[in-house]
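Same chain, two partners: chain A is paired with chain B first, then with chain C.
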Partner chain A sequence: MWIYQKKLQYPVRVSKCDPRVARYLVEQYGGADGELSAALRYLNQRYSIPDKVIGLLTDIGTEEFAHLEMIATMIYKLTKDATPRQLEEAGLGPNYVIHDNGLFYNNSSGVPWTAAYIQAKGDPLADLYEDIAAEEKARATYQWIIDMTDDVDLQDSLKFLREREIVHAMRFKEAVEMIKADRDTKKVF
Partner chain B sequence: MSKQLGENYYRKLLELQQLEFALVELTLYLDTHPNDLQALQQFNQLAQQRQQCATQFEMEYGPLMQFGHSFSKYPWQWVETPWPWQV
Partner chain C sequence: MNATKQTRDWYPFVGPFDPCPPKYVKTYVVPPNQFIPFQPMNLPQFPLADALRLGTLWPALFSPYESKCRPGEAQKG
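After this line comes the complex of A and B, so read on.
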């Protein structure tokens, strides 16, 4: 089971109301390579992965939910004081009409999240390579969003998330090597 | 928000976040390096420190976890603000 902690993994501060950047951040909330996709991808792949890497998928999948909460916090803080007019100017007019200030799992273009974003091949190497690719894509997206804002407080939290993608990709690469080594051992005996 | 949060709140919270960050890192590292004794010792040492830090934080600012993993004063503190996105 999961236990929630009433705190963020890393502080999230923003220096101004900025619905324009909030709209881009939604990509990491309900987009293809976003945190929701990441959490659900890893936690679902656990059941068919070799025992040796179940712990890693469980822990990274769990950390992704902490990142999802950080992204939600950023979007919340960047939009909570925005007028409908400001939201409209940021391209969030349709979002306001449908959800008011509510967050929703869609991408930055408003396309709702779909399970088609994630894969479970059952083959451990295929799954882990997908996970590595997902982390690298998320890292790139964080960089593009950092480039789109001059808010240094927001950039600080985004840089933390960008670095986490790098660490996760590294751990998944190690998991690939563990599975390969295991497979090679079995061939010898 | 019902409670005014002082500088002390943010300092204590950051201290906890720093300890837990090190623990998250060590956890993921140990998941792929289970035989690294030095990392394991560091993990257990920091886990103990985190426990002390979390207990202190909870005494002052209320429970961090639910379902019996944290204690509550009266009245039931879990439902009190602030929630993480409100600070």
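After this line comes the complex of A and C, so read on.
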């Protein structure tokens, strides 16, 4: 079970009316390397991985949902007061026609999220290396989104999220070392 | 802060008939997690307020990134 705190992991402030960026942020919402994919991937892998890394997958998978909320908040702020015309100019015309101002799990090109984005190979090393790759891809995606906006407040929140990807990749790399299980033997000199 | 540079440069081929002005140098990021197989105990820590803002408690894991979009450069939405 989970305990929910009704606040964001990190403050989200958007100081420029720029719905164009909302479209790009959707990539981290329902894209292949987005936060939804990350959360579901990690939480799902817990049932076929050695006990000692289950907690890590729980912690990081949970944090990904906190990131998902931050992304949703950014998209919400950028689109909530936009007119249909503004949304259309931002490339979000099709989204408006289908969802009004509603968020949907698709990528920045409008392709709906699919479970095919995530894998559960059942092999601990294969799964963990996928997780490391996913974190680095998400880090890169954050870089390219940061490059697309000159809103320094939005950049600030995105830089926080980018750094978290780096820390997560670090932790998954450590999980690989634990799975390899040569750390304990090394200590017995 | 991590003392080592976190970007790498490479120099792509520039052809005589390239249609667009060439980029002579391309850069990619190599974050510090690539050089730590397993984080040692008792590394130095940021003050908590800084750690929250930066996204990590550990200077050894901190990776700065600056937008390539200059102020006022982004399109109007």
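Going forward, the second predicted complex is superposed on the first by the 181 of 189 C-alpha atoms of A that agree within 3 Å, B and C clash if a C-alpha of one lies under 4 Å from a C-alpha of the other, contacts with A are read in each partner's own complex, and residues count from 1 in each chain.
Here, a contact is a pair of C-beta atoms (placed from the backbone, for glycine too) under 8 Å apart; a residue touches a chain by one contact, two chains touch by 3 or more.
As the structure is a computational prediction, the values presented were derived from the model and not from experiment.
Trainee: In the superposed arrangement, which partner chain does A:R46 touch: chain B (first), chain C (second), both, or neither?
Mentor: After superposing on A, A:R46 lies clear of both chain B and chain C.
Trainee: According to the stated criteria, A:T73 is in contact with first (chain B), second (chain C), both, or neither; which is it?
Mentor: first
Trainee: Could you say whether A:E63 touches chain B, chain C, both of them, or neither, answering first, second, both or neither?
Mentor: A:E63 contacts chain B only, not chain C.
Trainee: Where does A:E174 make contact in the superposed view: on chain B (first), on chain C (second), on both, or on neither?
Mentor: In the superposed model, A:E174 contacts both chain B and chain C.
Trainee: With both structures superposed, pick whichever of chain B and chain C touches the larger number of chain A residues.
Mentor: On the superposition, C touches more of the residues of chain A.
Trainee: Return first, second, both or neither, reflecting whether A:Y10 touches chain B, chain C, both chains, or no partner chain.
Mentor: Both: A:Y10 reaches chain B and chain C.
Trainee: Between chain B (first) and chain C (second), which, if any, makes contact with A:V21: first, second, both or neither?
Mentor: The answer is second: A:V21 touches chain C but not chain B.
Trainee: Where does A:K137 make contact in the superposed view: on chain B (first), on chain C (second), on both, or on neither?
Mentor: A:K137: touches no partner chain.
Trainee: Mind working out whether A:L161 is in touch with chain B, chain C, both or neither, as first, second, both or neither?
Mentor: second
Trainee: Could you list which residues of chain A make contact with chain B in one structure and with chain C in the other?
Mentor: 10, 167, 174.
Trainee: Under the stated contact criterion, what part of chain C meets chain A in this complex?
Mentor: For this pair, the touching residues of chain C are 29, 31-33, 36-39, 52-56, 58, 61-65, 67-77.
Trainee: Once bound in the complex, which stretches of chain A touch chain C?
Mentor: 10, 16-21, 78, 82, 86, 89-90, 139-140, 142-143, 146-152, 155-156, 159-164, 166-167, 169-170, 173-174, 177, 183
Trainee: In their shared complex, at which residues does chain A touch chain B?
Mentor: 3-12, 53, 55-56, 59-60, 63, 69, 72-73, 76-77, 167-168, 171, 174-175, 178
Trainee: Chain A touches which residues of chain B in the complex?
Mentor: Contacts found on chain B: 13-14, 16-17, 20-21, 24-25, 27-29, 31-33, 62-67, 69, 78, 83-85.
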